[in-house]
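Next come two complexes, and both contain subunit A; in the first it sits with subunit B, in the second with subunit C.
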Partner chain A sequence: MRKELEAKLIARLRDDVVCVEKTDARTIFVDVKRAGIREAAKIIHGAGARYLCSVGYDNIARDGTLGMIHTFALDDCNQFVCCRTTAPVGDPVIESITPDLPSAGWSEREVTDLLGLRFAGHPKPKKLVLADDWPDGIYPLRKDVPHDLVPKGAEDVAYELDEAPPGTKIVPVGPFHPSLHEPEHFAVYVDGETIKGCDYRGFMTHRGIEKLCQTQVSYNEVPFIAERICGICGSVHATAFSQAVESAAGLVIPRRAEFIRTLMLEIERIHSNLLWLGVAGHLIGFDTVFMQAWRVREQIMWLCERLTGNRKTYGMILVGGVRRDITPEIAEDIRNVVNKIEEELMVIHRAIEKDTSIHKRTKGVGTITREQALDWSLVGPVARARGIDIDARRDHPYAAYDEVKFEVPVLDSCDVWATLVIRVIETFEAIKIIRQCLDKMPGGEIFVEMKDKIPALRHAITVVEAPRGESVHYVITGEENRPERWRVRAPTFPNLQAVPLMLLDEQFADFPIVMGSIDPCFSCTDRVAVVDLQTGKSSSISKAELDAMSRKQQQRA
Partner chain B sequence: MWLTSKIKQLLMVMKPGVVTLNYPAERPPVPKNLRGQPVWDHQKCIGCGGCSDHCPSRCILTRDVCQELRVMLYDGSRCTYCGRCADICPEGAITMSNSFEIACDDKDDITTRLELFMMTCQRCGRCYEMEKSNAIDRINLKGFRYDNLEQRALVRTTSETFSPELLKESDNYKRPSDKE
Partner chain C sequence: MNPTPNLFVGIAQVVANLVLFLALAPLFDGIVRRVMARVQSRKGPPLAQSFYDVLKLLGKENIDSTGILPFRLAPLVAFASMLCVIAILPVAGHATALTPYADTISLVYLLTLGGVAVLLGAFASKNIYALIGASREMTTMIMVEPILFMILLLGVLKTGSLDLTAVIYGTPSAEFGWPGIVMIVVSLFALQAFVARQPFDMAEAEQELLGGPFIEYSGPNYALFKYYMMLKQMFYAYLPIAMFVPLLKSGYFVLDLLLQVVLTALVFLLIGLLSATHPRYRIDQAIRYFATLFVIALAAIGAAVIF
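Now for the complex of A and B:
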């Protein structure tokens, strides 16, 4: 693959290609000059690669440049392509790839906000991550900005939302999501009750996690902070970070540790899918599903408490392995619990699969076509419900997924119902994987120690399939026992960008379930930058009103 | 179709009945290896500062008030109960207890403060790298440390010999804020 790609790139770009190298079995790094970046991204995308995310980094102290990396995945041959370029800090402009790849839009806006790298030809060069009153010229991810900087906020600045299309009214939803209990702000443009468009302003929960981990703590503390990026897929982020560091350091961890990681990820998938099933039921006013799914889920929470010492934020994963072993008694315990969950979930599944009210609320809702989903590079169950056959566990096997057998459900009805079915099927698949893990788990060590320090400035990328889609972690190793740059791309990041498309021409009362169908995690998406207070207006629609509206729709259906 | 689904749902709800626990009137047993409030054994602690160096939430502070006296402070209000300190402790002086009902109206109730009399090590002056063979788990901050206990802030400056100036400087440390 490397040779073909190199030939293609050189044929088109000639001198703009600096080098094309393969650092390990599955990562290809393409270095191009600034002028050729858009063309290079086009060629890589044209070679069948799926766009993942873009990473910006500060290299000013070394050679006075800002770096930009566009990452892609080749799903059919398990490879990643990272296309790197640099721009001098005095003239920090590179060509935008967003006109070709719409899902790069947010990544580029994020880099502009955090590093001051600008993109020529970006269709919507607005603020994305930073608060509206953040002073100009301070780029928080640059190395010379201290991690605890609190600049003085300006007054009377507000985000300029997109102009509403003529003939529509604006319904603000947020800044606190009325039914998902997370902060985000949607301005929904409605014509009567039909949604004609929307604009998103979020990133109100920046906790500065990336900056903190790049300046304050050391490698083995990061997994614990990574786990707190998201309350639901904590292990996913900890595993992804650890794998990226291990891959950069060339560390091979014991097989048993890989099996335990797989086990934890699948346990997490069961809990997350059941949680989502409950929330989806709640959003369409079907609280029986909510109560029963969460009742079944509670057993897995207790299991985790016995297994790891906590209901969530398991704290199991470290760079080099895992912290706690699975003893035969615990293994027996896991088997019993998953058997019970399988049985009870089957009961729920049978009770709701033919329920006409759930069909009427979810079938044909939130539709976007397979082509649109591909353009916006959707991930996870949302993509699989649109006929896109991707799953990082199968396409880019990590941990012990190469040894377990499982099905990847793919449906093509392109609506919320398909997402729901896929997540229920995946829960059963997760139970299958857990049983196989327990059967096949080899003996031996669960942790391997690092003999030497990790060399600085190595790049590594990993993907981990979270319950709601794939998470991408990109790590550049640093000198002081901590990453120089660590970029997290949570699954909500691409999926959320496609929400305006999903909402188009839907009924306003379907807004909660369409939004809920991507299982948005605003905290995951918002992980970077510096905390600041947002001067937000209060929402003009309360949760009770929105829920009531949603339920009225239910009755009408 | 609609009716059979509803009957199935009714049965699904009837079978388990009420599952809500009658907490706090009834207290189910806590799992054996729950990661609850960490407890320090001051007899075992050697004051190496490994726990404060490896605390992800940076809530364990180390302050050398003079050549011989080191104060270790655990601020439970910011603790995430990950249990990393207990893992890292070379002497096994920290244990994760089973107590989890630690809501309180005074921060001091969940704060542990150790005052340790320190000897001066002939080899490196202060710290103990011990047998940590994991290269990325070695202690970063060696020597004398001057965290600000009032502000509960970890100050990442250390010195090889005791420095009254740094101690004084850290006294004036202020948490960043935009209120001027």
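Now for the complex of A and C:
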């Protein structure tokens, strides 16, 4: 693949190609001069690669440039293509690839906000990540900006919404609205009840996790912070980061640890999909589905508490392995719980499957075509519901996924109903994977220490299939035992960009469920933590009381 | 039917009606909440929870978000119109002092007035969610009120009178014939729409419209609206019982009343079950559903006229 790609690139770009190299079995790095970046992205995309995300980085101290990397995945041959270019900091402009690849729009806007690299020809060069009153000229991800800088806010600034189509009214959804579970703002343009467009202003809770991990902590602490990116798919982020660092350091972790990671990821998937099913029921006004799905979900949280000491945010993943072993007793416990969940979910599944009123609210709703879904690089169940057969667990196997057998459900009805069915099937598949993991898990160590210093400025990319789609982590190793640059692309990042398209010409009443169908995780996208209501409560009671309560709950469970 | 001879008894009857409805409506609402909770594997609130809710709201501050009169008047008008409906209603076949001064048409008028007051409050609150909710409420009213009218019209046709006691209680059930049976089915299928519950709660639609017409209301004003909704719900649950379940004619008024109250409670059980097992429909889907009911009801009326 590398040779073909190199030939194609050189044929078209000639001198603009600096080098094409393959650093490990699955990563190809293409370095081009900045004049050729758009063409290079086009060629790579044309060669069948799927756009993932773009990463910007500060290299000013070394050679006075800002770097930009567009990453792609070749799903049928398990390879990644990273197309790198640089621009001098005095003239930080490169050509935008958004006109060719619409889902690059947010990545580029993010880089503009955080690093001050501008993109010529970007169709919507508005602020994305930074607050509206963030002063001009301060780019938080640049190395010379301290992590705790609190600049004086600019005055009299407000986000300007896109112009509403004529004859429409604006319905503000958010920052606080029952169908959004985190603060985000949608301006929905409606004509009567029909949605004619919408503008999104999110990133209201951007917390600067990437900056924090690039400046304050060491490799070993990042997985725990990564886990707090999201309250639902925490292990996904911790695993993805750890894998990126292990890949950069050339560290091979014990097989048993890989199986335990797989196990945790699938437990997390069951939890997440049940949570989603409940929320979806709630969003179409069907609270019985909500209550029943969450009743079933509760058992997995109790299980995780016995397993890891925590209902969620397990803290199991370390760079180099996992934190706790799975004893035979715990394995038996897991088996029992997943059996029970399988049984109870089957009951819910049968009830939903034939419920014509649920069909009414979900079939033919939120439709976009397969081509549109490809254009917007959708991922996860949202893509699989549009007939796109991708799943990082199968296409880019990591942890122990190469040794377990599972189906990847793909449907082509392109609507909300298909995403629902896919998530339910995937929950059953997750149960299958858990059983296989428990059966096949080899003995041995669960952790291997990193002995050598990780060499600086190595680039590594990994993907991990979260319940809501694939998460991409890109790490550039640094000199001070911490990443020089760490970029997280959560699955909601591409999926959310396509929501306006899904909403177009739908009824306003369908807004919550269409929005919900991507299983939006705004916190992942913003990179902030969700406060778990269960633990949030503890602030008003003393630690001793909390301990006593926890112990009591342990006994009950 | 004859006007009530004894004025004193008649007035006592008005008060008794009001007390009955005001006391039972929140309890019946409590039944719905409990039934829904049980279907959802929850314990559910105490039966009197809806009472507590109203009491709590009454003790809170009224926030007048617009400062215009219609906004403040709307809850009063809605509540008052519902009280009037109850005052003229010949519960368990006994006309009150006010029944002779009203007829079927004024009953429908008063019920519609309540609905119009809700719309008035919604439009006056100038909130986009309230406006969308109000437009949904209006559509529902336009489609559903005629169905109510046709149910009553069947009684009018059978007795040849507009008098309420005659219309509601005048026809022995056998004489309704099969149009009567069709109408019972229609009134059961329209029940959830009459009481604005799932699948037909799209006007309030918490997840989309955050309460729709009532979004700007708080405190006592909102309490009045809540009470109004509960009273309305009880009226609509009671109506098919009154129309289609014959009185015992045992001579004991209390026995009739008790039976009807128990049956109404059963209707609320049904409301709870239906609410717990349906998602909310979209307004376009609801309109199609109402249109079908409308045509069926019209056919039943046509049949009652011809045969």
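Criterion: the second predicted complex is superposed on the first by the 526 of 557 C-alpha atoms of A that agree within 3 Å, B and C clash if a C-alpha of one lies under 4 Å from a C-alpha of the other, contacts with A are read in each partner's own complex, and residues count from 1 in each chain.
The definition used in the following text is that a contact is a pair of C-beta atoms (placed from the backbone, for glycine too) under 8 Å apart; a residue touches a chain by one contact, two chains touch by 3 or more.
This is a predicted model, so every value here is computed, not measured.
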Partner chain(s) touched by A:H237 [first = subunit B, second = subunit C, both, neither]: neither
Given the touch rule stated above, what does A:D452 touch, subunit B (first), subunit C (second), both, or neither? first
Comparing subunit C with subunit B, which touches more residues belonging to subunit A? B
Could you say whether A:Q507 touches subunit B, subunit C, both of them, or neither, answering first, second, both or neither? second
Can A:R261 be said to touch subunit B (first), subunit C (second), both, or neither? neither
Thinking of the overlay built on chain A, is A:P172 touched by subunit B (first), by subunit C (second), by both, or by neither? second
Is A:R84 touching anything from subunit B or subunit C once the two structures are fitted on A? First, second, both or neither. neither
On the A-aligned overlay, A:G285 touches which partner chain: subunit B = first, subunit C = second, or both, or neither? second
Quick one: is A:R297 in contact with subunit B, with subunit C, with both, or with neither? Answer first, second, both or neither. neither
Subunit A positions within both the subunit B interface and the subunit C interface are 288, 291-292, 295, 357
If you look only at subunit A, which of its residues touch subunit B in the complex? 148-153, 216-222, 224-225, 228, 288, 291-292, 295, 298, 302, 305-306, 308-310, 313, 315, 319-320, 323-324, 347-348, 350-352, 354-357, 449-454, 480-481
Please output the residues of subunit C touching subunit A within their complex, sorted ascending. 36, 39-42, 128-129, 132, 135, 198-199, 201-202, 205-208, 210, 276-285
Could you list, by residue number, the parts of subunit B that touch subunit A in their complex? 1-2, 4-6, 8-9, 11-13, 15-16, 19, 31-35, 53-56, 58, 80-84, 87, 96, 133-138, 140, 156, 175-178, 180
Touching subunit C in the complex: which residues of subunit A? 169-172, 177-179, 190, 192-193, 281-292, 295, 357-358, 360-361, 507-512
